[in-house]
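After the structure tokens below, expect a handful of questions from me.
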Amino acid sequence: MSSERQRELNQPLGGNAMPRFGGIATMMRLPQAQTAAGLDVCFVGVPLDIGTSNRSGARFGPRQIRCESVLLRPYNLATRAAPFDSLQVADLGDVATNPYDLKDSVRMIEEAYDEIVGAGCRPITLGGDHTIAWPILRALKKRHGPLAVVHVDAHADVNDTMNGEKIAHGTPFRRAIEEGLLQCDRMTQIGLRGTGYHADDFDWCRRQGITVVQAEACWIRSLVPLMAEVRARVGDAPVYLSFDIDGLDPAFAPGTGTPEIGGLSVYQGLEIIRGMRGLNVVGADLVEVSPPYDTTGTTALVGANLAYEMLCVMPGVQFR
Amino acid sequence: MSSERQRELNQPLGGNAMPRFGGIATMMRLPQAQTAAGLDVCFVGVPLDIGTSNRSGARFGPRQIRCESVLLRPYNLATRAAPFDSLQVADLGDVATNPYDLKDSVRMIEEAYDEIVGAGCRPITLGGDHTIAWPILRALKKRHGPLAVVHVDAHADVNDTMNGEKIAHGTPFRRAIEEGLLQCDRMTQIGLRGTGYHADDFDWCRRQGITVVQAEACWIRSLVPLMAEVRARVGDAPVYLSFDIDGLDPAFAPGTGTPEIGGLSVYQGLEIIRGMRGLNVVGADLVEVSPPYDTTGTTALVGANLAYEMLCVMPGVQFR
Amino acid sequence: MSSERQRELNQPLGGNAMPRFGGIATMMRLPQAQTAAGLDVCFVGVPLDIGTSNRSGARFGPRQIRCESVLLRPYNLATRAAPFDSLQVADLGDVATNPYDLKDSVRMIEEAYDEIVGAGCRPITLGGDHTIAWPILRALKKRHGPLAVVHVDAHADVNDTMNGEKIAHGTPFRRAIEEGLLQCDRMTQIGLRGTGYHADDFDWCRRQGITVVQAEACWIRSLVPLMAEVRARVGDAPVYLSFDIDGLDPAFAPGTGTPEIGGLSVYQGLEIIRGMRGLNVVGADLVEVSPPYDTTGTTALVGANLAYEMLCVMPGVQFR
Amino acid sequence: MSSERQRELNQPLGGNAMPRFGGIATMMRLPQAQTAAGLDVCFVGVPLDIGTSNRSGARFGPRQIRCESVLLRPYNLATRAAPFDSLQVADLGDVATNPYDLKDSVRMIEEAYDEIVGAGCRPITLGGDHTIAWPILRALKKRHGPLAVVHVDAHADVNDTMNGEKIAHGTPFRRAIEEGLLQCDRMTQIGLRGTGYHADDFDWCRRQGITVVQAEACWIRSLVPLMAEVRARVGDAPVYLSFDIDGLDPAFAPGTGTPEIGGLSVYQGLEIIRGMRGLNVVGADLVEVSPPYDTTGTTALVGANLAYEMLCVMPGVQFR
Amino acid sequence: MSSERQRELNQPLGGNAMPRFGGIATMMRLPQAQTAAGLDVCFVGVPLDIGTSNRSGARFGPRQIRCESVLLRPYNLATRAAPFDSLQVADLGDVATNPYDLKDSVRMIEEAYDEIVGAGCRPITLGGDHTIAWPILRALKKRHGPLAVVHVDAHADVNDTMNGEKIAHGTPFRRAIEEGLLQCDRMTQIGLRGTGYHADDFDWCRRQGITVVQAEACWIRSLVPLMAEVRARVGDAPVYLSFDIDGLDPAFAPGTGTPEIGGLSVYQGLEIIRGMRGLNVVGADLVEVSPPYDTTGTTALVGANLAYEMLCVMPGVQFR
Amino acid sequence: MSSERQRELNQPLGGNAMPRFGGIATMMRLPQAQTAAGLDVCFVGVPLDIGTSNRSGARFGPRQIRCESVLLRPYNLATRAAPFDSLQVADLGDVATNPYDLKDSVRMIEEAYDEIVGAGCRPITLGGDHTIAWPILRALKKRHGPLAVVHVDAHADVNDTMNGEKIAHGTPFRRAIEEGLLQCDRMTQIGLRGTGYHADDFDWCRRQGITVVQAEACWIRSLVPLMAEVRARVGDAPVYLSFDIDGLDPAFAPGTGTPEIGGLSVYQGLEIIRGMRGLNVVGADLVEVSPPYDTTGTTALVGANLAYEMLCVMPGVQFR
């Protein structure tokens, strides 16, 4: 990359140009783009919470993540990633949803992602409840073929139905598997735990070939070895990272809709994302941040940081 | 009423039998009933917020109103109403809704109210967002014929569509009027205000024959005279009271989804309900309490008190 | 008062000497005194909440009122009272209570006030729950004889028993009346409202000769005329002001233990206190501020201001 | 105005195009402009709180006001103002300040406003603490000459110094008067109250010819008559409206830095702004919203609405 | 167990029958029972906080734990416990306490537990402050003889007196040991830490034969090995689990009355309870959740989950 | 130490003499001293937040830390330190700062610390933002010579300038190093992490000879080994401990101005401080607690405890 090109890349608005508490809150204070054309990676919000089964509020997730993202500076001091030195990145704003019809919202999301993905852009999505993963996966499959998946969550999200409905925030991976969007043998679910409707709820996943790593298997240890296994499993497949913030323990991320105790630590969350470096990451999401329940502001801050870390493992990022 | 019968009437669990901070939180700590059979009046919750256009959270309204209602004692010290001396009242629990489909939820609500109203019971509904008024009005119309209405709200809720949808928390009275559920010339809307999509938004209501009392006309004055007019307008018609908590100013009720400044005071809210004494009130609702935004707990407390005041103006209540 | 003496009077620590956010939080940042000797008026806390029937938390009332009092400057810009120009005032700290025994706490409070009142000091008490009024009144009676009372509250606090107990935050004035501590014909209760165990709960007070002004009689009007009547009623009797913060509407004072809607405005609260100017005020309390429920901080702020206004109507205050 | 031109005017992003909880939070979801060129009116933020004497946090005022402004629709249903039908309006974003040097920040603000005002644009400022009024007034004076002022506040803000400093949030109008920026005989201060360093603090203002309306004179009454007087006093002078949110009572606006009880109601706040219709308003500010203390979100909501109402009385607005 | 019997066992109300945000909030949405007759295990609340030494509020613990428990589904996905497949379980509601007299409350609690335990039911108690452990232990001893104990806490709770009182939340185990209710050589205290009145405070416990495991000995490690030791120590004795939520670090459980930093993680809390599987657990409590200080809601959520985990290690539970 | 002397040493006010929720909130409820004369160690507050780059609020840090410190008892049950058995300790109150001028505040702080340090007292400072470390270090250097440092923080705080300013909360150690106040080869920075303006931001520190331990190197492990290295590195040099609460992860300390995820655990924070036992600690600070963002109260509680632990490793403390 020539210094010529470097000068043309979008950069986050710096703290010296505008105090961090000032300015319009786009993601990382990046320029807002109207379309994905010309972008290597975009941040894009999907404000939606009508797929939630318990607490709502995730509709404000994208806005609040952006608000807390203003503290982020461009370089990753842990991994020395320099995403803005080589990638064209912008904030695409939000995908419009239909607040009164979940099925129609799913349709609108898929159309919006068809366009984003079709432009060759890799989306990092700010949710929004987990329902949105399904239409996003549909759009990605069209371009990249069946996807390997790293899925961080307290819940498997493979219910057949919820309240009789096929579409809800507990069903997206069931739908995706049914439609052949995923490569289950290259899929890993990390952090699953809690209570269920059957003692063997997670075994359905295992029967599809998915590797399930329950939260208890992660307690009080580093996930660096696990991620080596994950990378081997993914191999050179296009891979999607779906990160439900409730994969983390409520101590680290209280502001979410269906919190489960005994979850991953934020250290492990970072290890998971950083452990995806080198893979062909074609998209990622950070979902289920519910600001009304995030009384400390920490959850949105975690969400903003994790979204940034996702950017730092996108193909093409340089490390210094 | 004989003392015999009085002993059989449900009574709220008293503070001496169980401290107010103890016990299962039913409405006013009344017994819970499985059906409306034999009840004169019931409290019933409709937990729903997928009809909201801005902040969600009203799905937890019924639960939180019940929690704050535990402070309520049986007698009204302002009006000397003694509702539990002559009426059989219980908490019916909540109407199950479909959290993922608003249209289906509307159907479920109507069915539930068909049963409640069909049993001869007058429901006091704890919402939930304002969408629920429409199916409730449909059920009431079947039994009582077209209804007079007292509608307290910041918004007229007569939009034709929202985001292209016919069903939403901003459309229930449009639908009700279209279906002939209401007697518009016996309907009053109080507290309307704020911003709109057209400068003449409220004139549509007026053209239907509704009396619109904008919030500005209520500022810093008693509404006792207004309520005399309202009573005359209603006459002997069956009348429904629909009280959106955002009719009150956010100073009095901050925890709601689409707050508008410059609203009614809580004094005026009480005057309105108390001013309905003597009318043939066939049902009432208290909607749009959103607990995640009710950081002081005041909104749910107001909601609980207003629901109790609604009980105190039901036909058949004795005053001592 | 000579200018000589004036220089020796305690003064609140000024904002120029120490920013308002700095310094140890005594009441108004006044010097702390170990005893009441030599003081004309003292602020004194009684941290106690084991007399409460619903929400607890008032044990932290004195501390939080002090924290919010740091914004107070010495002169009253509305009444031009200059309390520190002529009175010796200090913060006496808190009366130690027994957190595990209400009856013993009442004993400890009375002993502490015997000493304060015995020193010729007029106490302004920061509560604590309303139970504390009874031992304070006992101590005041010993020195001043039976007292006229101005009692601002949502509740009459004249229950005979609560849960079978004679001592609780709902009984202090019953106990005081039984013991002949009060001149009921010179007593006014303002702001009473809400729900009760009998429709005629407040009539017991009226039968004792107390003037009861229910909240509804105060709505949306000035209480200046009422206070003229109150002053006439009190005459030259020693008078005690007991101000339960729940006398105010929750919009103005949400952080309290047994909130009732439809209460006094803060304007009326100020009119009541200012209306006592010229009377022989021998003591006052501000009770039932519960900081854990005061999520906005407003209630403690109101409490601090009202306590200051009480100081401004103490005998001997000069107006400039 | 031809329909041709109307189509070119900026419009707030509508709720049907993007749900209100979605999209980047500019003021009213208006387009963001880089400069004031071509704008009739702009919203502009000044994030600054290092001029505050008690609680800080107002640096986040502009961002939070924008977040709550997303609920605002284009038309004013009370006054029928249609500001976007005839005025070109945009969100200019924030003025960069120096978070570590108040004096330098004041310089930066003045320069920024020189440019805005120089472009013929009338700024509606979202603060930020009240210090910012001084550099704004300096810029306005350069273009419009000495200004009439309507100043809503709990405090007179005419201190000579604070902690020995000439520049602070309690001194802007002193500085402005010293420099001849104001027409004191055409200036009104409304809502002043609380405690002070001298009993006659407000008399200094009166000696300059300012009309001071203390809060007590406003209690429980309409300010429509007052505003008739104000309009007469202002006449045809260019007039600036400076609205400190602490002019309102903490019940209506708890999230501010130096709250004083007994303030204006939000109804009166609206009456004041609407009462300025017809004047030559050359600028306005809404200051001292402190989001960390705005736990209910109400204060920012009030701020957003009042800023919108300021727009509605700008010269050139049409009413429908 | 025949399938016949299985159908008769109480089951938590499922999320498909009623959305989790709906319905009356009993524990896990189980049926409420009036007596313990026929129950294998009950959940029962003891709303009490007048035994607390610092922050109050635990009186609302049972209600809030119930509110957060609505998210719990019947099966334990970590241990595959299926408690409702073989045990009859219900929510007994709350034990009435005397809010004004701690000693009397203790008496009332003992009587209530005499009845529960006498019915052959194993109680899982939702507190309330830790004072309640003493009367519960008295009732259990009468039926089961001296008890082994697993006590999770930041504090040893073996003070002789507090403020001169024998009964308080810091004394229950001292009283229990004095009365011979416990088998100290089969007792383990886990998580003790913080500051004390003597440097050797915990040595008194050790002198009684109790095994004390200070928090520091638990940091950053699994407690599975410790629990093997605990199980060996308990052997076949009847064992009581007393879990003070302040045993956990405030990061995991901020809403409590006397928080101490450096506590157990929630992972360790789960390891402790799950490590009791196979023991003859005769009762358990989860105490000191103080909702007013639980601003994130996490503490009550943790409490609800831990109470469920206690159920999962009760004798007779099946694992699938 | 004779028992004679012991009796003269200041002791924290005990919980039996005054309930912990009562009394004026000095640090640990110690006596307040006017000067440092005769004190071995003092607690002293520096209320300042005008050096912050993102969220303000730390100006209230000292007051809130004091409020939460009331729960602290005199003896350390983990280390058996008995600081009040041998050291004379008091609360010095706060250093007055200039709220409107950061540079002047720095001057005022240095002067105040010249006096404290000059009296032979070792200060434990309660901040306030991190700017204050620089003037404190200047004062300490004058008496003790260049200092070894243990610096716990998310940020290196060695920026040359921020917004063009030399003095800010991100520059104190840069200034201190430039002035020769520090022995860089005896300095350790622990917990650094997050994002930066250059990928090699921390390398500047390393080039000065500082040992930098990034947060990632601390994850999920004990820091006892690290502290052995730190002690060896410090040797017998006078050493200063500067503890920015944001060194901890937001799960443990959410209430701070520039939070970064992935930080130290509170266990590690305790290990660091306790690991300094035996060193010649000449002063310590605990900075960046921002109460408005500390919605759970946990951060101030952690701050109070850490400040106490600092006292426990001061030279001369006895262990029992």
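Structural remarks
Here the chain labels run A, B, C, D, E and F in written order, and each chain numbers its own residues starting at 1.
Heads up, the rule we're going with is that a contact is a pair of C-beta atoms (placed from the backbone, for glycine too) under 8 Å apart; a residue touches a chain by one contact, two chains touch by 3 or more.
The structure presented is a predicted model; accordingly, all values stated were derived computationally and were not measured.
In the Cα superposition of chain E onto chain F, the rotation angle, rounded to steps of 5, is 120 degrees.
Within the list B-E, C-F or A-F, A-E finds its counterpart interface, over half of the contact pairs alike by residue number, in A-F.
Chain B and chain D have centres, each the mean of its CA atoms, that are 37 Å apart. With centres taken as mean Cα positions, chain F sits 40 Å from chain D. Of all residues in chain E, those that touch two or more other chains are 19, 21, 53, 55, 59-60, 99, 162-164, 220, 251, 293, 295-296. Taken chain by chain, the contacts fit none of the simple shapes, being neither an open path, a ring, a star, nor a full set of pairwise contacts.
Touching chain pairs in this entry, ordered by label, are A-B, A-D, A-E, A-F, B-C, B-D, B-E, C-D, C-E, C-F, D-F, E-F. Taken together, the chain C residues at the contact with chain B in this complex read 53-55, 162-164, 192-202, 214-216, 219-220, 249-251, 254-255, 258-262, 293, 295-296. By the touch criterion stated above, chain A contacts chain D in their complex at residues 17-19, 21-26, 32, 45, 47, 59-60, 62-63, 66-67, 91, 93-97, 99.
Interface residues of chain F facing chain E in the complex, by the touch rule stated above, are 14-16, 19-21, 70-78, 80-82, 220-222, 251-252, 265-267, 270, 295-298, 301-302, 305-306, 308, 319-320. Contact residues on chain A toward chain B in their complex (touch as defined above): 49-53, 55-57, 59-60, 98-103, 162-165, 167-168, 292-293.
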